[in-house]
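Next up, some structures in structure tokens.
Two complexes follow with chain A in common, the first pairing it with chain B and the second with chain C.
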Partner chain A sequence: MTLIIAPPTRLESALAYLNGLLAGSEREVRELRRSPDRLMALVTAPLLTLVFLAIMLQAGREDLAPFAVLAPALLVLWQMALQTSGDTVESERENGSLEALVVAPAPFPAVITGRIAAVTTVSMLGFVESWLVAALVFGVRVEIYHPWVFVGAVLATAYATAGSAMALAALFVRTRAARAFQNTLTYPFYILGGIIVPVSYLPDWLEPATRLVFLSWSSDLMRSSLDAGPVQGVALHLVMIVLLGTLGGVVGGVLVRRALAEVRQTGTIGHA
Partner chain B sequence: MVGTRLPRGTTARVVLASSRNAWADLAATFTPLTWTLGWLGRIVAQVIFYALIGSLLGSPDRMRYLYIGAAVVATAMETLLVVSTSTRERYSGTLPLLVASPSRLWPVFLGRSVQWLPSGVATATVALFAIGPAFGVRFTLSSGFAAFGVLVLVAITTYGYGLALAALVLRFMRLRNWATNLSYTVMMLICGVTVPLSFWPVWLQGAAQVFPLTHTLHVIRLLEGGTGDSLTILTSLGLAVLTSLGWYGVAAFLLERLATAGRRRGSIEFAES
Partner chain C sequence: MQYGRAVGSAVAVVGLRREFGGRRGQPVVTALKDVNLQIPEGEIHGLLGPNGAGKTTLCKILSTVLLPTRGSVEICGYDVESETAAVRRLIGIVFGGERGLYTRLTARGNLEFWASLYGLSGTQSQRRVGQLLERLGLDQRADTRVETFSRGMKQRLHLARGLIGDPRVLILDEPTTGMDPVAAQEFRTLVTSLQTEGRTILVTTHDMAEAEAICDRVTLIDHGSVLATERPSTLGRWITRYARVRASGLLPAQVAPVTAALSGLDGVATVHEVAEGTLLVDTAADGAAPAVMRLLLDLGITDVATTRPDLAEVYLRVIGNRGMRVDR
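Up next is the complex of A and B:
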């Protein structure tokens, strides 16, 4: 008797991907519940809101309060994505479970995407925290003058964050120094992403680099949505955020697959 | 085996032996290249991030204030990594061996994380003296040397606080990163790093006094501005040393209690209390 294993159909592949995605999200939610470290960014965000707001208020610049309130929320988004994409790979490697995860039938990129999607959703709480703390501690109420633009910017940013995290995960699969990279990829990105200071304040020669960082488009658009004046270039900003996020996701996905194929061949995925 | 002439059984010998571990840890964590490009680059970016807020405010003075604060707090932040490296002893399963050894526990932990002191001083030194002038931060030769000395004191005094925190967190391991990050952010908030102490209510100004950083940072600002008289500077340095000694005392007490209670209850393994 000959056993013929047929290649999976498109539907089967899609279902396997969906399964992996759901399993990844479930796993991340469990992980978030039991490891306080994963929620670190959400714990420090209220204090950072106070740090930034205090700077603006002490300088007598209440008009810049929206900048101060927005920044910690964006920090949370980036930090949690960075932490998840790095820790997902690194902790599995430390556990010795990375090999098992890679050879499991569920596609590895789907599991990672599921985990990243779950953490990105949770990190949205950063916005709520910042707004609440500003109102409760300093009595500063930051009004959202263009709610639809704001919501659009937040959703597009969440999507782009998840996409970029995928690219980061690809980097972390290859390196043994994921945690060192995690540290390095914070503040340089906060500057290039104009998280608190718009990139127009940076030297001109840096501008091309800032436009490759989706956060620079996100922070611009979100700040504009908090301003009473009309918002310019909504479509361009949204398209750029989504485009850069998609680019990160696609490149990340391809790189993860390639890295996995390579480490499978060389047998260097785990502790080797 | 410790190559030293210090007599066996002395506290100094234990601290020295433990510090060998610290240097080995640093060498395992960073190469000169990864320290410079990765770690130093990240810290400098952090300092610039805060200084740029000064440019947003349109005030060179605010930029200078924020730059100095963020540069000096980097030393404190790095010194607080004592919490992470101390708690690693418990994760690695070496804490029971340390408790079982004839030495007391506090000298071991005192030496265990000293690698962060020179590292923290070096990052702030580069930020303050090499890159600082681009942000309006200027020291004369003498005030620069004095400020460097105070940076060393920032590291040593904050290490006491960090050690006490580590001793506390060794009982609540899951909170170790929260403790470090919250401490560091509270320092940013109330110790005169980003806004003067006078911005805060009196009770919060009082709370800031327990952090040695409040006093040492104040001295560095006086040295940079060329405005401090000797008495003010010496008083602030004295307060930094005093509060720090208090923290070192708390750390030693908590570490010894951890060892005693752990021996009695047999809870020192990987358990949390």
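Up next is the complex of A and C:
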């Protein structure tokens, strides 16, 4: 038997991370195919678009249509990412596979990231749905006046969503009760992220808090890209989205690693 | 490619202690106390002990799921605490039971997922997964969802999963629970063939017969302490030597004379009436149990059975006879 006497190198560690990403995303795609119930948010999104648009049109505010179309799409994005970050930990725990997964050579944070990335990609369908509902049901064409800005905003937002969901996964590793937050956590983010109501409509004292939530930059930029006038501060917005997303991802990664180290100590990884 | 340091022991455990609890006023449970264990490369090593002995805890520490509270644990020369990544590429784990598989995925789907975690690329993965499915007799059902599998099939899939990373050290925690005797036998044949590939295998079990069938050596563990590490044939001898005979259905008038007759036999240690009309005979010499049975039959008592004594108990009696103190 040949023995190579070497601990894993940096390159091997990076490859292991990549393997985790790929395995996680492949797995998520399979899961989504086998359990379509996980796509529930994509079913409710068009209904929300319907409600929002109906109210706005009834009030004679067709100019607000972009709000009605963007909000459900962003809701889907955030909701599905959060659901996956919670499920990845909790369903593996319930399934009895968490321990084996955590000690596989590919780092567990990479697997979580891969899964969130995959589900986030799929959740982009929410945008398509929203636009279609507006066009087909109400005959409202929401024009994308600045397509490149819009695409940039969507991509940056998807990236930041994956990063931020990672930070929350750490909670789920540490405690089972965190699962209860999963739903509760969505609402403050909807508000602070200006998803439904632009943050500029919120009380002034909330403003600083909203600026820490990447979604507030996302929703602002997306709405601007749907407006005929020139878009202000594209670079700033994109940088902030990416920055906050990266911050969430890095902090989340560190927290997940720490939580994993801690449960190795306490022996609570298999249960709560 | 195979990793590892060129050392004699695949598993080296020195002074291992593991405690649970102790937080927020919970009592401290010591699952392992001062465990020492050396398993040379290529050995099939059994870990035998009653419920709660600490077998699973030891497996989890060896597989980096849990950290030691004290002591050092090395796999192929790599420390489980400071060289975790290296250890993880050397080991394969199979925790028994039906859980732990993705029931909505097919057998192949399950294995492909684990293959990608172990860094196998498309064609490599396909080949390895195909080989393992065939080797474990799952190729016919490879593309059906695991939720339709029988227990034994799930266990085999578990083993396939444990082998996906081509581990040098395979840790099997009660791999045959829930298998029927035929499946368990096939499983043992398989484990033996894994050994011929140079793998080291640690297998926990409650079943002495299983340990005798496949293990080169067996470690007896109870209450978190290693009682002994012996060849299974030695343990097997102890067990037959210390066999127990139970005789039931004695008439009240028979009890005293039968007890007296049995006590007079060579190799009979004790005779107790454990219930009305039921005698329990502990023997302590080779061939004593058959003699006891013959005598009982001669006396017209036909409701007779032998039971294997509990291993830990046997061990304590052996040690007791040698006049050593056992620290429990």
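The criterion applied here is as follows: the second predicted complex is superposed on the first by the 265 of 272 C-alpha atoms of A that agree within 3 Å, B and C clash if a C-alpha of one lies under 4 Å from a C-alpha of the other, contacts with A are read in each partner's own complex, and residues count from 1 in each chain.
What we mean here is this: a residue touches a chain if its C-beta (ideal position, glycine included) is under 8 Å from a C-beta of that chain, and two chains touch if they have at least 3 such contacts.
What you see is a predicted model, and the numbers here were worked out from it, not measured in a lab.
When both complexes are overlaid on chain A, chain B and chain C end up sitting side by side without clashing. Judged by the touch definition given at the top, the superposed model places A:197 against chain B, while chain C stays out of reach.
Touch criterion met: A:35 reaches chain B and chain C at once. Once the two complexes are overlaid on the shared chain, A:251 sits clear of chain B and of chain C alike. Contacts of A:144 after superposition on the shared chain: neither chain B nor chain C is touched. Chain centres taken from Cα atoms put the angle at chain A, between chain B and chain C, at 90 degrees to the nearest 10. Contacts of A:265 after superposition: chain C is touched, whereas chain B is not reached.
Of the two partner chains placed by the overlay, only chain C lies in contact with A:20; chain B stays clear of it. Of all Cα pairs spanning chain B and chain C in the superposition, the closest are 11 Å apart. In the superposition on chain A, chain A positions 35 are in contact with chain B in one complex as well as with chain C in the other. Remark: chain B residues 34, 37-39, 41-42, 45-46, 48-49, 52-53, 55-57, 59, 62, 66, 174-175, 177-178, 181-182, 185-186, 188-189, 194-196, 199 touch chain A in the complex.
For chain C in complex with chain A, the residues that touch the partner chain are 1-6, 20, 23, 60, 63-67, 78, 83, 85-86, 88-89, 91, 93, 95, 97, 99-105, 109, 112-114, 116-119, 161, 165, 198.
Within the complex formed with chain B, the residues of chain A that make contact are 35-37, 40, 43-44, 47-48, 50-52, 54-59, 61, 64, 67, 177, 180-181, 183-184, 186-188, 190-191, 196-198, 201-202. Partner chain C is touched in their complex by these residues of chain A: 1-8, 13, 15-16, 19-20, 22-23, 26-27, 30-31, 34-35, 95-97, 99-106, 111, 264-267, 269.
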